[in-house]
Structure formats: structure tokens, C-alpha cells
Amino acid sequence: MSREFVRVDLDRAARCGRAEAIFCEGKLPGEVAEIAGILRASGQPVLATRAGRAHFDAVVARFPEAVWHERARCLTIDGHPPVGNLTVGVVCAGTSDLPVADEAAVVLESFGHRVERITDVGVAGLHRLLGEQERLRSFAVLIVVAGMEGALPSVVAGLVDRPVIAVPTSIGYGANLGGLAALLGMLTSCSSKVTVVNIDNGFGAACAADAILRLAAVEKASV
Amino acid sequence: MSREFVRVDLDRAARCGRAEAIFCEGKLPGEVAEIAGILRASGQPVLATRAGRAHFDAVVARFPEAVWHERARCLTIDGHPPVGNLTVGVVCAGTSDLPVADEAAVVLESFGHRVERITDVGVAGLHRLLGEQERLRSFAVLIVVAGMEGALPSVVAGLVDRPVIAVPTSIGYGANLGGLAALLGMLTSCSSKVTVVNIDNGFGAACAADAILRLAAVEKASV
Amino acid sequence: MSREFVRVDLDRAARCGRAEAIFCEGKLPGEVAEIAGILRASGQPVLATRAGRAHFDAVVARFPEAVWHERARCLTIDGHPPVGNLTVGVVCAGTSDLPVADEAAVVLESFGHRVERITDVGVAGLHRLLGEQERLRSFAVLIVVAGMEGALPSVVAGLVDRPVIAVPTSIGYGANLGGLAALLGMLTSCSSKVTVVNIDNGFGAACAADAILRLAAVEKASV
Amino acid sequence: MSREFVRVDLDRAARCGRAEAIFCEGKLPGEVAEIAGILRASGQPVLATRAGRAHFDAVVARFPEAVWHERARCLTIDGHPPVGNLTVGVVCAGTSDLPVADEAAVVLESFGHRVERITDVGVAGLHRLLGEQERLRSFAVLIVVAGMEGALPSVVAGLVDRPVIAVPTSIGYGANLGGLAALLGMLTSCSSKVTVVNIDNGFGAACAADAILRLAAVEKASV
Amino acid sequence: MSREFVRVDLDRAARCGRAEAIFCEGKLPGEVAEIAGILRASGQPVLATRAGRAHFDAVVARFPEAVWHERARCLTIDGHPPVGNLTVGVVCAGTSDLPVADEAAVVLESFGHRVERITDVGVAGLHRLLGEQERLRSFAVLIVVAGMEGALPSVVAGLVDRPVIAVPTSIGYGANLGGLAALLGMLTSCSSKVTVVNIDNGFGAACAADAILRLAAVEKASV
Amino acid sequence: MSREFVRVDLDRAARCGRAEAIFCEGKLPGEVAEIAGILRASGQPVLATRAGRAHFDAVVARFPEAVWHERARCLTIDGHPPVGNLTVGVVCAGTSDLPVADEAAVVLESFGHRVERITDVGVAGLHRLLGEQERLRSFAVLIVVAGMEGALPSVVAGLVDRPVIAVPTSIGYGANLGGLAALLGMLTSCSSKVTVVNIDNGFGAACAADAILRLAAVEKASV
Amino acid sequence: MSREFVRVDLDRAARCGRAEAIFCEGKLPGEVAEIAGILRASGQPVLATRAGRAHFDAVVARFPEAVWHERARCLTIDGHPPVGNLTVGVVCAGTSDLPVADEAAVVLESFGHRVERITDVGVAGLHRLLGEQERLRSFAVLIVVAGMEGALPSVVAGLVDRPVIAVPTSIGYGANLGGLAALLGMLTSCSSKVTVVNIDNGFGAACAADAILRLAAVEKASV
Amino acid sequence: MSREFVRVDLDRAARCGRAEAIFCEGKLPGEVAEIAGILRASGQPVLATRAGRAHFDAVVARFPEAVWHERARCLTIDGHPPVGNLTVGVVCAGTSDLPVADEAAVVLESFGHRVERITDVGVAGLHRLLGEQERLRSFAVLIVVAGMEGALPSVVAGLVDRPVIAVPTSIGYGANLGGLAALLGMLTSCSSKVTVVNIDNGFGAACAADAILRLAAVEKASV
């Protein structure tokens, strides 16, 4: 049985404004390199998520300009042109949440957006978070990443007027249930405007923020 | 023990652009009427969600201009001034999801936004949904309400470029688990830009859409 | 089959420092009145929790001095003598959590402790909570009651040095799962010293606080 | 304690129309080879599922004609004679679902049925799926394999009149809960005629399709 | 806000071979009567499921020929012409499962199929079940309805060669978890060809059986 | 910190009729050998469950008469004197359940009871089970081990008058949920006299059977 | 559709030693009375469980000798002849567990066994339980009923040598999860010989005890 | 992307009375050594939890005075000065719970408290536990660690007047659900004053005990 290969959607960039991203989990290094080759051949940037070292090695062998974002587990070649001049704040509570926060940040940068990060502002030490209030209010969209009880998005959303996208992480143990505690906490947030993506889904949060920023850019351009 | 009363946050409108909404569940009709009175006294519009007939009766006795949105279980007096001219599409699959879709729509209208509704476009009858593609693409933000397997947001998000906020409903039985099946389905959507709010939370979806539209309006005004 | 009656543990006050409390759920009004009579006959104060109006009516008919705490669903006759002069802070986020907070407060007062309440300090509006910091730090023990995502105990525990007992409530809907979301959130709190009791268990939180305060009183008396 | 061996049901082919299949999980390579030998000795075809490389090595050493279906994790020697001329469509959304889809296809082919595969037709990209409508309608039975939110069977069932058997896969993470999200989604499908088998159970779906096709063949032959 | 009405899909009968069924839950009696009227006006039979007494009263007032199937909670006017001469066996273990079994049977009869029922053949009393073996083998398709541990479909599927559709019911208490125990049992059945529908979903089982029988009828007619 | 050692309850044999068993999971091989030594020194038989090869190697080095029951993961030295002449039937459906069935059998034999095994009598092939009816009825107590949907104990209990102890196993995948499906199925069995132990707990089932047989032996001896 | 009636298994008494019991839930009062009539007509005793007042009224109208056990929700007419002279201990912790304990006791008495009850011996007050040690050790079989954390069976099983059947009850709230906490606690008991039945299933526990006692009686008679 | 490092909160000791602890999970050995260096440079003691051998090796290379507590998975350098002269009792049932009990004990000792341990006092062997009653009553605070059904805290709390903090462990299998059974059991304890921390969270229990002891010390000092 020969292995039929995944169809690459080369028209996506034209249709949606950005190229198709490669989800590496379950794909062989060679397959990822081949898809990267197809995208490059048509002049598109490459973004691969959930990429391991082996995926990167296979790609960089063909495209030496490929960049490896280790903690984010992302791989990029070029990126999309800038979209407006708004900034996304990627906020998280502790070092354990950084891989997910990084994935969101790398994806947004690849999509042509400005990103600023605030880390180590957990709700158990409010003075750090309150010291960042001004910066928090300067962001157009906020992605708030949190594990354990997942309370950070509720608190942040109470401090800003802009859209807040919450990303639960699987950091924790026991009653954390692999991130379910944080996920449920975010869904039942007392801050009404918080929306939520799947556990550890930094990529999804970045895509949602991208859609918001593109809408804002279109509105600005429409004047 | 005398009953201390809920503090009404009258500065919210100035601070956040819109007045505090009243969540009626667990409040006595007289309490809702009293809060409505405080808001009216300071010249603010009134929006009460999860309102029953008794809540409405208590309010309309004091404010004959109060409007009752039965299926949405909302009660409004006046509304906020229009915010930009973008339209939110509120999309749902069947008649059972209408109360939640209505809540989202009434809240958005009260917040000063334009809303259009598309109903009866379930994924089991794609021809109806595909017949609405053009309208779907005309919306700035989409709120997609669905019970049962909750597949509609995935399909809709594949047809449009704009932000999609998914609202699972508790419609269904058995393996639906009170809306959990739809909630989990939306969180694991294969359409990467979908974000999700709690089960039956039309109000939260409207607040998230409001934050996006206010950002777009600010951007437009900033030119 | 004649109904054997619950044995009343009259020695408990001597053995443990406080009389047995009556849990009314599943008991007939007459039964509660009879137990109250046995306790009174031996000169002990009466505390009944989860008491309905009918339970109170049956008791007050025999003991006109009985007091009805409606929202707390408690019934008391007399109380224990004061234990030290420390104060327990009972803190909650919204009006819906008041019945549980009240149960904790009434029980503590019946046990001979001072109680102060702070309500309406949810994490989505930090300015209210921060305005109460000084009071929060003045308490010897804090009972923090919260529904929805249950984030309040984490935030409060970050602001004080004293023991914090968290009580999740069943307030909420959908992904709240009848209080489980708040419970899991509190158990996975990033504030390490938070301990947790069962959903809606204001009585248990009061008993735990009572044990802490009695230890402190014994220590003080031992000098 | 000597190891009593699994009884091989050699009469099954006569009784049910097809030979017993070997489920390799938990069986040693030598055991699988021995069962294969017993089946071959009585002139029956061999089908082993959940077979690893070691199982295949043990079997091919004795039966060089054995065929290894790597991605499907199946091993076959010969197959059953053709049953009618109807075709089963095995449909899935992405490359990650291919192992389960392959298992269903290999099993059906071993049972004597025609199979056609359609892959990469996820609900987030309807244009691909709609481009295959005619083929979808040409199948007598459809096996639809999907992970994540498991929406594909609902959509496919809305496009065809024939029986649709849904197979959830464990592909996904976080709120996917090891395939439970897809399973619940399929069970609560808004397309009423969808039936469901266990997570990753391509074999079970093939058996159910086989029973349907044998009924149709009997009916045709009865004229 | 005027109430937009559910669109009735009158072309369904032409497109799919049978008219749209009315799901009464969440619909007002008058609405059901109105939909029935639209279907009758275009000469189609009426089938309404989850119908209460009030729904029936509203319909029979306009259509005296309407029939009320109380235990099945179904309402019918006319039915579809016969489809072939195969028989569906609807099998269940006890009287408590009869409402779900009846729903399946009434729906199938309305769709033009022959139905035979076997009740009171639980797995704890095998002699009754074994006494019906011959009849079980005479059915073209079997719908097996069971609550509690849901073991009946496994046992029945071991006795017959034809497709078996399992319907878990919510009958039971405690560890039954509202039918989840039966549902999980059926999904993990050791009889490989069993497929499953949602808890209490007699309608869905009937629709799946209908699709199988129509395929068989088409095959027979194609000779 | 020196490692305080587990206290061995040497009086157990005198007090309860049988010596303490050693649960090896989480114990080092040397620790198990040491406990075995203490038991032997006081003339007691040794039974160790959940024992790995390393545990056996450590024990057999000191006690060459130790016996290794590989599939049961048990290790024995001597055994208790026979208790009566009743026989326990240990029944299971497939080869995958044999390790758990073996644990129950080895433990019972070590406790001084007669055991007979019936394997490969799954509910999907009733003819095998029915062929063993006479033997099933000859047992004083039955331990029925089953994974997947766990239906075997219900069926067996319907065929015999004696106590039936059900042991769910973790055999299965997907909706099996690590044995929970079988566990829930057994708890909701329609055969009223079935009692249940934890998943994979062959040891517990043997202890329960032992208690029943000792009662019967005492009764017999009391005449 | 006329209502086919449940078949009454009149041979059960001959076959199994006791008559069929009537499970009233879901049965109409008249149906219960009719089944009672059939049993009486063939000279058998009547035992009906989960019986409401209306069921009793219907039965007592025809059989004035019927006895109503209100708290146990049982109804009996006559009973079976005594089986041996062993006593079952039915033990529970609090008044809330009495209905389930009563069901077990009434059923056992109807089956011809001696029963003694011990109530109000919760694990939080060990002195009461320890005061009953001698009586506990006098029972041939123990049925231990407990809600909340379900710890009582573990403690009791540590004090006696006889079979212990644990019955979790749905008494409790919040994390009790309708009795699941007690059920899981009993299944994971550190006392190895405890077996468990479904939540609130006093009837099942009685049936299991009955099977044990009949075995003992047969053994005694066999000497 | 350079790796921003975790901010060390050096003021914590001044602010809260004790230095920040290092949670090693997810941190590289070098990172832990570096944080230890920062703490030592400011003259603070070091406490690292969830530390593996590699973490210890990295730290001891720089600080030879570092102590390795293998079973507790803790690493300490110095400790805090003694706080009062009260003793915490750390109680557990079996050897498998020792790692969690040890973590609690090591953390408390590092915080300047006296600790005594009681092990091997499971509820299935009450005589051992009752033999320790006097010691149990001598503790100011009790930390009770238990896996399986988690009944020990309920029983202990019934024997003492002081605060009881319960720690469920993940010890067990099957229905234990990774410690959830013990967690739920402790939350629904019939001993009202028990509070609970997350599964395996010995550190959190120690922090809660520390807060109680510091309150008592302050009270004593205030005389």
C-alpha cells in the first residue's frame, strides 16, 4: 500500500491572508521537509508547530535559513509581512507555562504581528501583576496562559478593556487532571469577556488573535 | 442579620464604555428593580440577563419603558449608543438553540452593535448553510451557537476569515452530558481560530464580541 | 418497625469544648426539636445547620428564644462562651455566595468566635479587593468562599500570612459542574498554603477555623 | 503452571461466513504464528489485527506469503472470496486518522469487499469534501473516521442516503480526552442515522459494514 | 421580537425517501400542529417523536386520524409505503426499556418496515433468550435495547449473523450514571459487529436500520 | 534519614486464620525477601502478590523452595492447610483476563482452597459457556473475571445459585476507560446477587471467597 | 398498542429457593398488585422493593395482610421459611443511611434470615464502634452501609473475620457526587475482603448475603 | 530567543517569615543550582522540592553542605530558625505513602518546626492506631497522609481536637483513579474539621501547618 501524501493547500495564503501551518505531531521528519519544500517552491513562508529536533534537522538540511524555536517547539522560515502596528500581549504566570506562551508568540510573529511578553505574574503575587498594569492596558489583544487553577485570565480581564484569550496549560498534578482544572476555571471565569481555547493550544490562541487583528487592520484601512 | 446589598458599580460605564449588566439568577424581583433604579438614576441603560417574568413585572411597574425579550430571558431599558457600523452574525442550527442565540443578540444590541441572525443551518443539511455563505462572509465577528455534537463552529470557521466565538448549548440528552459533548467538540475544533465560552453563555460571547468590535472602532477612529 | 432515634452525644462539649451540632437535612422537624430539647435539658447551646423554615417553627414553638438565620439556613439557641479575641475573616465574591459564607459566620459565632465579613470582592474587580488589604491582614484566619472559577482564595492567600480555608460553592452553570470547577481550582491553587473543604461546606470551614483558634487560645493561655 | 492455549474456533467460517480474526495485543509472536498455523491447516485465510513487527516476523517465517500492512497494523494471508460488488467508502479527515482508516479498509478487503478511500476531507475545509460528493453517494456503506471534535460523520451523513458508521480516533490532546470528545460528538450527532463504534476500532466498523453487505448480498441472491 | 418559524424541509421525502420527522421536545403544541399541517398539505405522512399528551391534543384537533403511541411518546398520521419484506427485530430485557424499544418500533413502522418485538429476555435469565433463538435469527436487522449493564447486545450479536444496533437506556441508578454504564458497555462489546447510538435514542436506531433496509431493497430491486 | 521498616503482623495467622500477604508493588526486592524471612522464621507460609521477576530472584536466593507463578505475578512458599473440600470456580472470558484470574486462583490455593478454572467462555459465544453449565453449578463460590463490557458475571450469576464475585479487568481500550466500563457494568448488573471488587483485584476476590468458605467450614464443623 | 405484561417467573422459588421480588420503580400500583396476586395464587410470599405509598395502597386493598415498611420502601406478604440460624449484621453510620440499611434488613428477613442492626457507629466516633466489637464478631455476614467517604466497611472488615458486603449510599453533597465518592472508597478499601454493590442497593447486598447463608446452610445440612 | 530567568523573590523571607521554596519539576539542574546560589548569596536557607538526583548533584557541587532527602525528593541547605515548640504529627497508613509524608516532614523541619512521624496505622488494623492515641493527642497540628480510600483522616480527626490537614496520595490502582478516590473521600469526610490539599501535595500541607503554627507562636508571644 503506497502512502498517499497530505495535500498542501497552496491557495490558502491568497484565500485567507496566511499560508497553511504544518502540525508536526504524527508526521515524519522527511514529510515535514517535503511540505516545507512545496511551500517554499511557491514562495510562501513556513511555520511548523509541535516540531521536534528531528523535524528541524530534516528541514534545515534543505533550508539553512530555517530557525529553530526550541522551547516553543516551532520552526520558521521567513514570515508574513507586518499586519498593522498593534501589539499582542502574551502573559503567563510561571516558567512552566513558557513553552505554550512561546508557541503563541512565535506563531503571531510568523503571522506578521508584534508581540510583547510578560511572565512570572501569578495571582498569588499580585504586586508583580499590578506593577505591569500600564503595559497590560497598552495591548490590543491579550493571550493569557495559565496552568494550575487557571485564575490569571479572570484577573487580567478585570484590568483591561481589550479581548482576552485564555489558554489553559497541562502544568500541574493530581486534581489538575492534565489541565482540565485550568480549562474549567477559565470557562467559568467571572470576567465575562474571556474566551478559551484547548489545553496547551498556543497555536489556536494565536490564530484567534490574528483574526481579531486582521479585522482591526481592515477597519483602519477602510477609512 | 440585615441583608447588605450588592454594590452597584456606577463608574463602570465611564471606565469600560458600558454599564454593569444585572445577572438575575438568585436575585429577588425587588432587588433587580432596585438595581435598575440606581442605574436609571445615574442615567445609564439597563440590561438584565437570566430574567424571569417576575423580574420583568417588578421592573416594568417602575419603568414602563422596560422591554421584555422572553425567549432570550433578557430585560432592557434603553441601550448604549451605536459603536461603529460593523455587524455581528449570530448563527445557530436549530430552534432549540434560539434562547442562547437570542441572549447573545439582545446583549449585543443593548451594547450598541448591529446584529443579524441565521438560524436552522445545521451541519446535517449543508445546502442550507452553503446558501448563506455570502452573508456569513459579510459579518465582522461571528457567534456560532450549537448543541448536540457542536460541529457548526468548525464548519463556519472554515468558510470565513473573521473571529468565530463558539457557544455550546445544553440542548441534547444522554451522551450530550448537559452540553459537555458540544463544549469538548468546540475546544478540539479542527478550525484553529475558534474560541469558546461556557455552556449556554450567550452573554459571555456577546461581551467578547463587544471587546473585539470596540477595538476595531478605536482603530478606525485613530486614523 | 419502630424508629430507633439518633443518639445525642451529650459528653461532646466536655470532651471537645463544644456541643454537637444538628445537621437537619433528612431529619423531620419534630426530631430536630427533640434533639434540641435534649441538648437544652443538659444546659448546652443549640446549633442546627441546613435548617428549613419548618425545622425552625418546630423548635421555636418549644424554645421561643431560638434565632432563625434565614440565608445561612441555621438555627441557634444561645452560644458557646467567647474563645480568645481573634477574628475570623469570612470573604466572598458575590451575593450568590452569601448563603455559604453566612453559614460559616453563624457557626463560628455560635462557637464563641468573632467574625467579620467582606463581600463583593471578586477577582474580576481587583480594586475592591485591594481596598480591603489592611482588613484582610488583620484576621487570624480567613475563610474564603467562591463559586465559578474559585480563584479568590489564591489571590487572598497571596496577600496575607495567616491560614486560608477555601470553600467552593455550587454557584455557576455548565462547565462549573455543580461546583467541581471551583473545587478543582482551589485544590490546584498556586498559593501553597490554601486548604479546601467540600462544596458549599461552610460548616466544615468553620469547624476547621475553630480548631485553629482553640489551638491559638490554648497557646496563649499556656504562657 | 502450564499455559492452556486459546481455543481456535475453526467452525466460525462455516457458521458465520468468515474465519475468526486474531487480536494480537497481549499475545506473544509465537502464539499468533501458532494460531495462524491452525487456521491455515484447515484451509482458512488469516487476518491478524493490532499486529506489531514482531508478530509479523514470527508469522512470515512460517508463511512467506503473509502480507504486512504497516500503518494498519494488520497481517493477512489470503482472504475471503468476494461478497457481491458493492463498495465501502472509508473516509477520514487527516493523515493522523489514517492508521484507523487503514485497519477498517484492510479488514474489509480481507473479508472479500471492495473498498475506496477518501482522505483529507476535514470539515474545516468544506470545498474538498463537497468536491467528493458524487463519490460519497456511490458507496453502499460509509465508514467515517475522525478525531478531534469528530464532526465529519454528521456532515457526511447529511450528504448521503446510505448507512454511516462512525469511528472516533484518539487523535488530539487536552479536551479531546483520548478520543472521548470525538466519541461523544458522534453519539450526539444531529444526523440521525449515524451509528458509532469504540475509539480507534476500525476492526469493529469493518465487521459492522460486513454484516450489512452480507445482508444485501443475500437479498440480491434471493431474487 | 417576532418568532421566526422552523423551516420545514418538504423536499426531504423526494430527496431521501422519507419525510422529515418532528422532534417535539422544546416545541409548543401549536408549533407541532402547524408543522404537521404543512406536511399534510403536501401529502406527506407525519411522524412526531418525544411527543407529550398536549402535542397530541393539538394535532388531533386538526387531524382526527392522528394516532397516539403513548408509551413510545410518538404521534403518527399515515405512514410511508412498505419497503421490501424484511423484518426488524426489536429486542429488550425488561419492562423499563419498553418506551425506548417502542419508539424504535413505531418509527420503523411509520417508515414502512415490518417489526417484531421480543421483550423480557434479560441476560440474567438466559433460558428465555435461548428459547427465542430461532426468531432472533429470522430478523434482517436487530435493534437491541438495554439499560443497567447493557450486556444484551453482546449476547444477541453472538447468536446472529445480521447487523446489530445497540441502544443504551437511562434505566438504572447509582453507578449506572444515567445510562453511561450501558453506553460504555455496548461500545466495548466483545461482539465485534455491534454499533451503538446515543442513550434512549430509539429514533436514531430506527433511522440506521432504515438505511440498511433501503440498501438491501435497492440491491434486491437491482437484479 | 534511615528507613524505618514495615512492621510484619505475625499474629495475623493466629487471629484471622491466615498469614499476612506481601504486596510487592513499591517494595524493593530485598525488602520482600526480608519480610519473607521474618514470616518463615515464625513458621508461616509466604504469599507475595504483584511480584516481579526481581522480587522472585531475591526471595529464591534465600528460599530455594519458593515457587514463581509468572502470569499471576505471585510468589509462594508453602501454603495454608486445606480448609474444607469446597471448590471455587474461577471463570474468565479470554486469554487477556488470565493474569487476573490466575492471581485469584494462586491466592486461593495458597489459602488452602480447591480451585478450578474455566477460560474462554465469553458472552459473545454462548455455546461454550452453556457447555460448562454443569461444572459452573458444582462450584461453592464463583469468581468471574471479565474486561471490556464486563457482562460475564451477570450471565453466570443467572445460571447458578451460589455467591458470585465479579472482578473487572483493565483489558480494553477507548471507551473502556482503563476498566471503568467493566466495573460500572458489573455494579449495575441485572443479576442481583453479584458483588464487585476493584479493577484487576484478583487478590481481593480471593480474600472475599476465602471468608465465605471459612464461614461454610465453620458451620459444617459446628454440627 | 395494548400493554403486554411482564412475565412472572413462578418457577423461581423451586429453581432458586426463593420467589421473584417485585421492583416497583416504573411500575403502576395496579401492576404491582396484579403481580402480587399471581404470586399469592401460587402460594408464594411477596416482596416488593422501591415501593411507594400508592403501591402499598393498591396491594393492601386486595391483601389486608400486606405489611408496609415505610423507611425501607418495602412491602411484604408472608415470607420464606427460616434458613439456618445464622445472623446477618446490618451496620450503618448515621440516620441518613437508615433507608438503605432497612431495605437490606427487610429483604433478608423476608428471605428467612435473622438480622440485627447496629446504627450510629460512624468512623469519626470510634468509641461507639469499638463498643460494639463483640456483637460485630458474632455475625456470620456483615452488610455495612455508608455514605459520605464510605470508610466504615474498611474499618469494620478490619475487626471481623466474616464476609463484609459494602453498600455505598447517595447521602452527601458536592464532592460526594451522588454516592460515587463512597463507592470508589469502598472499591479501593485497604481491607482486602470487602466486596461492593451499587449505590443505595440494599436489595443486592441482601441477595448476596442470602447466597452466602444458603451455601453455609447446605454445608451444615450435608454433614 | 534568549531564556529570561525566573525572578527570585528575595524579600519573601522578610515579608512572610520564610524564604521562597524551589519547585524543581520542569527546571534544569543548572537552573536550580543558580537559584540556590542567589538565595545563599543573600543569606537565606534553601529548600527544593520534587528534586531528582540530577538536581541534587548540580547543587551539591557548589554547596557541599547540601542535604539530600531521597524518599522525600527534597534538597535542603540550612533551615529556618525554630518557631515555637509545638510539634506537628505526620501520620500515614503504609510504606507507599511515605514519600508524600516525608515531603511534608522535611518541609516543616526546614521551616523551623518539630515533627514526629507515625506510620503503618491503617484503618484496617485499628489496634495499631488506637495504640498511638496518646501521641496523636499530643500534636498541635496533624497532617494525615493516605491513599486508597483515604479514610485515615476521618478516623484520626475523630480522636483529636486539633487541626487535621489531609493529603490524598496517588497510591492505588483501578477505581482509585490516580488518587481521586482518596481525594473525594477526604472532602466528604464525616469528621467536620478536616481540610484537604491536592493529591501528593505534602509541600502544601506543610505550608498550611506552618501558617497555623506561626499564628499560635504570635499569639503566645503577644501575651
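For reference, chains read A, B, C, D, E, F, G and H in written order, and residue numbers begin at 1 within each chain.
Going forward, a contact is a pair of C-beta atoms (placed from the backbone, for glycine too) under 8 Å apart; a residue touches a chain by one contact, two chains touch by 3 or more.
Computed from a predicted structure; not experimentally measured.
Measuring between Cα centroids, what's the chain most distant from subunit G?
Result for the farthest chain: A.
Which is it for copies subunit C and subunit G: same residues on both faces, with over half shared, or different residues?
Interface between subunit C and subunit G is built from largely different residues.
Which chain is most remote from subunit E in terms of Cα centres?
Max centre-to-centre separation from subunit E belongs to H.
Starting from the mean Cα coordinates of subunit F and subunit G, work out the distance between those two points in Å.
Using C-alpha averages as centres, the distance is 26 Å.
Just how far, in Å, is the C-alpha centre of subunit E from the one of subunit C?
52
Please tell me the distance, in whole Å, between the geometric centres of subunit B and subunit C computed from their C-alpha atoms.
That pair's centroid distance is 36 Å.
Where does subunit E touch two or more other chains at once, residue-wise?
Each of 94, 125, 174-176, 180, 183, 187-188, 198 in subunit E touches at least two other chains.
Can you name every chain pair that touches?
A-B, A-C, A-D, A-H, B-C, B-D, B-E, C-G, C-H, D-E, D-F, E-F, E-G, F-G, F-H, G-H
Across the complex, what residues on subunit A touch subunit B?
These residues of subunit A touch subunit B: 16-17, 21, 84, 86, 140-141, 161-165, 183, 187-188, 192-198, 203-205, 207-208, 210-212, 214-217, 219-220, 222-223.
Which bits of subunit E are touching subunit B when the two form their complex?
1, 3-4, 6-7, 9, 25-27, 168, 170, 178-180, 183, 198-201
For a test of understanding, state which residues of subunit E touch subunit G in their complex under the given definition.
Residues 69-72, 94-96, 102, 119-120, 125, 128, 171, 173-176 of subunit E touch subunit G in their complex.
Residue numbers of subunit C touching subunit A in their complex, please.
93-94, 122-126, 130, 148-151, 154-155, 157-159, 172, 174-177, 180-191
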